[in-house]
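Per-chain residue numbering starts at 1, and chain names A, B, C and D are given in the order in which the chains are listed.
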Amino acid sequence: QDNLNGLTVGFSQIGSESGWRAAETSVTKQQAEERGIDLKFADAQQKQENQIKAIRGFIAQGVDAIMVAPVVATGWDDVLTEAKEAEIPVILLDRGVDAPEDLYLTSVASDQIKEGRVAGQWLVDAVGDADCKVVELQGTVGSTPAINRKQGFEEALAGHDNLTIARSQTGDFTRSKGKEVMEGFIKAENGGADICAVYAHNDDMAVGAIQAIKDAGLKPGTDIKVVSIDAVPDIFAAMVAGEANATVELTPNMAGPAFDALSAYLADGTAPEKFIITESKLYTPADNPQGEYDTRKGLGY
Amino acid sequence: MKRSLRPLAATAVIFIIAYALSVVQFPNMLSTRVLGNFLTDNAFLGIAAVGMTFVIISGGIDLSVGSVIGFTGVLIAVLINWLGFHPLAAFVIALGVAGLFGAAMGFIIHYLQVPAFIVTLAGMFLARGGASVITQDSVPIHHDFYDTLGDLMIRLPGGGRLSFIGMLMIVVFLGGALLAHRTKFGSYVYALGGNPVSASLMGVPVAQTTVLIYMLSSMLAALAGIVFSLYTSAGYPLAAVGVELDAISAVVIGGTLLTGGYGFVLGTFVGVMLLGLVQTYIIFDGTLSSWWTKIVIGVLLFLFIVLQRIIFAASAPGGKSSEKA
Amino acid sequence: MKRLSPGRLANPQVMALIGVLLINWLLFPNFFNVTWQDGRFFGSIVDVLNRGAPVAILAIGMTGVIATKGVDLSVGAIMAVCGAVAATMVVAGYPTPIAVIAALSVGMLCGLWNGFLVAVLDIQPIVATLVLMVAGRGIAQLITEGSIVTFNDPALIFLGTGSLLGFPMAAVIALALMVLVTLLVRKTAIGLFIQAIGVNRAAASLAGIRSRMLLMLVYTTSGFCAAVAGIVVAADIRGADANNSGLWLELDAILAVVIGGTSLLGGRFSIPLAVIGALIIQAMNTGILVSGFPPEFNLIVKAGMIILILLIQSPYVTLPFRRRRPTITKAASR
Amino acid sequence: MTEGQYVLQARGVTKIFGGHTALDSVDFGVRPGQVHALLGENGAGKSTLIKILTGAYQPDGGQVLVDGVPAVLENPLHAQTHGIGTVYQEVNLLPNRSVAENLYLGHQPTRFGLVDHRKMEADARLLLARYGLDLDPGSELGGHSVAVQQIVAIARAVALSGKVLILDEPTASLDRNEVERLFEVIADLKRDGLAIVFITHFLDQVFAIADQVTVLRNGQLVETRQLDSVSRTDVVRLMLGKDIAFSGATDVELVNPTNEVLLEFKGYGRKRAVHPFDLTIHKGEVVGVAGLLGSGRTEMARTMFGADPADQGSLRINGAAASIQNTTDAIGQSFGFCPEDRKAEGIFGDLSVRENIIIALQGKLGWFRALNRDEQLEIAGKFGESMDIRAASLDMPVKLLSGGNQQKVILSRWLATDPAFLILDEPTRGIDVGAHAEIVRTINRLRDDGMAMLVISSELDEVVAYSSRIVVMRDREVVAELRGKNINPGVIVQAIANNPDEVVS
């Protein structure tokens, strides 16, 4: 992989809205450093227009490759065409885009629908035939992961009539909103007695929900099952305490596979797979949560 | 007139110096590509900022522009994609809806005497909420007309491009400047910002002007939304969150007083370009972390404001007494 | 200083709060159920108090700022900064009181900075505080390095999740702060001076009011309140979330103050009514939560409620209960 | 006189503010070619009547008739289209816009639909020349003195008035020359057949130009008379409903027997504001300050009060060196200052009369020694009575008071602090005869009580009446100090004019 040494790569990151995002940023920087890449980092503060500006800036600067974690799937045709005209390979991280496939080298992403499905499947298996009222903490209204993770989860639950999604509200992917919304759900569902499980679109909201459950005098993990997505360290800490039941990993290391693909492409022009899907691994308390916590703690979550 | 033009000149000089300094560090910044990008990438912000300039000169504020941009994008995308409208028809509808929306805000502000800050805050919630009720997904727009507009550009030597939306922004700025400085409506806007009671006693149609100002702002925001949809070929309910703050910053950096009564449309242009310059500089630098980016933007904002205060203080002895109030 | 009369209880803010609570009750019949659990009250109405506390605390400081014809956009960012300071310090092993004092000092320092820009450099408040709104969150992230700093310090956690006499600690803090600041401005001349500055700063200076110092005090107080809110919010989730703590809360705080009847053009103000304004906003949010609306309607419901409340308060819309007001105040003032 | 038809008429007009009846079925009308003076005490309802006649307010009862036809004037613009031009009390112009734009706002000359700035400024220059004003029409209005602004307001109203010109206290801030110039213009307009309504508190002016006079008292019409059928005393009696004695002009001399020096200003001055001056002020002495508009009198007062602190010279108070760097210092030294522009620098419009009265005292007491409500009411009530402030309630916002009453509130504010030295900048501007006499009496009383005062006034008679010494200013410089037995307005004018260049503004 020496052929990456000394290259300049622009990276347009969405922002720093969550711990997971911070981890992705720091892992990307780490990966670049290991490979001797000069990484140009641009934070778009959640705005697509800033990402487009950043990509244009990278093009004007004449970088060797561009990585972008697109905030939204649409609207990339023009700027990607510009990059193509300037013969700069573009790699997408985290999510795909709605643009012709020849406009980018590859897309390294998880399958968000699958994440939701894995979480849902775990719940279906865990509950068995018992009746179960599930409450859902959605991500930010209109954001792609929120839409996909909701869809995947619903797919998994389809056909299991004993499982119903009783309530679904947005917790904005944040811990405090997750807690507030969960409190509301508990009040609305008979002091929480009717709730059998909570599904959160990310771990931060789940951590908030766990606190709300405890404040209501119930036992998270036992009275109310907690399943969420991302696998950040704090959810493993909760698992160690027996307060969380399952999480689906979303790896922050998207850059590693991306750089590998880039290296291969630059070496002999091998076109990498168009979609590199990262694993959506399920973690439960059986998977050595303490160990997972320790390995992840240093990653910048 | 001549003396009052000084802050505008000063802002322009600051821009040129800042640009020159950036070029010294990153020679690539002096390319037609970067210059073209300045226009294209900031087109929607610039157009929205023109409307904001009028609102602020009149002594008001419009927090709804970002949401209106988002709403317009979604509305257009839905009209074109799902309902089969021609883009031009969709544009007209979007501008009309926005016009009504702005008029309603202006109406409430004037007749119910509710502060603009709050009315437009409600407007911001309403437009954003309306967009996400229509759809939560981002809706790509596929239409030949969009491709045509997208291809409408002047290629500059050196790889730069002067896009249709960039040129549109310039036209809007020129039109805005003309409207502000050379029409009766413009003089009414300044009058309202100077002193609404006096203005009304001098015969300014205050109600009509207020309604028109907010209509103008919303319609320009809708135009910005159209430009944004051309820019991204999509409508997305979360698009352009917080653009109102960027627009306000641009207007203020451009020398318009938030207290109303003073300001220049072309100053706003320089303000938009300055913001664009800061962003481009940060991108070229490429070493700032997420947080340092914010801190640096804050510090630069501060520097511009302070610099401007110094220049204002030096250039306007007549304004002293009113300033002190 | 102000006498209680039936007229004061029938003011539009209280009516609006009652209205919103009643709507919640209609949508969710158990809304007013309160139970005693683990030594504390438990119920939706308690949630309104608890969740409304941060915005109420912000509104306490914001009221003074708005009364001087200013506005403080930076409170959300200051919350994040102060939460981050408190969290990182307890994680680093400092005793809780030190961490809390440090966080409060940082908040006051931020407020002082705003006050300096506004009072000494004469920068317009919106822009002056915009600087810290943008940079502050960056500073907070710099402190936490972008991650959520989780802590387990029981004393600090108590500030956010504990309870006193069964009431949530956050609400108790908000109430205490409200009483304290209200007494401070009403029992001294500070309240009058704040209003004077807001109405006519030039005249205030000529009348011998130290407007610069007072402005700095007002912004510093706002920074202090933001720090308290930041600590409470961090304590509540046992972690400092620099990215999201206080995000957009400045708008809620301003809204609360305006709903509380303080004009953005400065002048007369009421801190308790601003707190009621915060409760109105929270009652709306809680109502949306328990009533099971699809989340995409949240903003529309909120916008609709704001418009409704403003219409009720508008002097140009006559509602039955408003008609009596002028006569009552006049009688009371004689 | 000409018994033509009324061009503008109020019939049985009533206006009620809250519970207060500002106008009670008042009849009033103006005929073409006539100057109609509208008189009355402060708060009599003059300005309110004007606002109804010009569509700024809507009447609660009665009708407005234009050319004998009932008309609903929706707003001032609407009135303008009927040919009614108005100068409202307190300059209501736009300080942030150019002089030319203030003159032509709403009626700017256009070319191809766009405002033609060049033509507008050229027109403005011509128009202002008629009033003896030579200034750059493109300059910002706010940069000019109140007098200039007043003239611009008049010029605008005249230009807009096809039929009726209404002037609400237009001369309050004008000096003699300017008043004369204005009267010439009015005479011209009268000849052209305009109907003119003229409100003033200066009886001389009424008798100089008016044909008819209408007197209001407490919102009610007292009488409308031909001017040639009334005497000065009649008018005053009509206004007050009783006789008052004018305090005759006294000689200017030192009244204070102790001759104790309170203040010594030496080489006191501020760059670009006021040239260094020497001035000694004794206890129990009123120093009058005379000068043309813009001669720097206000600047001198502000420098003394620390509002724009001095940057040179020294000050001794009671023999001890003192320094005044800001208004707080000044108030600490028991100074008081009633500014000339009461709207911008005097009143706190939204605060109550009570709060407006006690605020300086409270400022002196500091943050923590707050007057409670009862104390406030007592103080405010005391001055409300002794200064005869007409307000429905001490808790009503002061902005709802008439101009004269606002002035009394500000004076009360300072008297409440029990000052040793009080600066009054144009204290009688816009004040009716009754209140005027009262303020002059108050000044005399305070002087006799041992207070030192500096009073700036353009009313030379008045300055002569209460001053023990008169300082004359020109071009920001103290040019003369007059004392002795035979000081009269003529002498002052001479002192002012002792220099050939006396172009106004």
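The working rule: contacts are C-beta pairs under 8 Å (C-beta built on N, C-alpha and C of every residue); 3 or more make two chains touch, one makes a residue touch a chain.
These figures come from a predicted structure and were not determined experimentally.
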Item checked: Chain pair showing more contacts of the two, B-C and C-D -> B-C
Margin query: Report the chain whose CA-based centre is farthest from the CA-based centre of subunit B.
Written below: D
Next item on the list: Averaged over CA atoms, how far is the centre of subunit A from the centre of subunit C? Could you give it in whole Å?
Entry: 33
Checklist line | Separation of subunit C from subunit D, taking each centre as the mean of its C-alpha atoms, in whole Å | finding: 44
Item checked: Junction residues of subunit C - those touching two or more other chains -> 141, 146, 200, 202, 205, 296, 298
Next item on the list: Give me the residues of subunit B that touch two or more other chains.
Entry: 132, 136, 289-291, 293-294, 325
Check: Hey, what residues on subunit D touch two or more of the other chains?
Finding: 344
Item checked: Interchain contacts (touch definition) - all pairs -> A-B, A-C, B-C, B-D, C-D
Next item on the list: Report the residues of subunit A in contact with subunit B in the complex, numbered from low to high.
Entry: 10, 13, 15-16, 22, 25, 39-43, 45-50, 52-54, 56-62, 72-78, 86, 98, 140-144, 147
Margin query: Which stretch or stretches of subunit A touch subunit C in the complex?
Written below: 16-19, 21-23, 25-26, 138, 141-142, 167-170, 172-177, 179-181, 183-185, 187-188, 191, 204, 207-208, 211, 215-217, 234, 237, 300-301
Checklist line | Touching residues (chain side subunit B, partner subunit D) in the complex | finding: 1-4, 178, 181-184, 186-188, 190-191, 193-195, 197-205, 261-262, 317-319, 321-322, 325
Checklist line | Contact footprint of subunit D on subunit C as seen in their complex | finding: 1, 187-190, 192-193, 195-196, 199-200, 202-210, 267-268, 326, 330, 333-334
Checklist line | Interfacial residue positions of subunit C with respect to subunit B in the complex | finding: 71, 121-124, 126-128, 130-142, 146, 200-202, 205, 251, 254-255, 258, 263-265, 296-304, 306-307, 310-311, 314-317
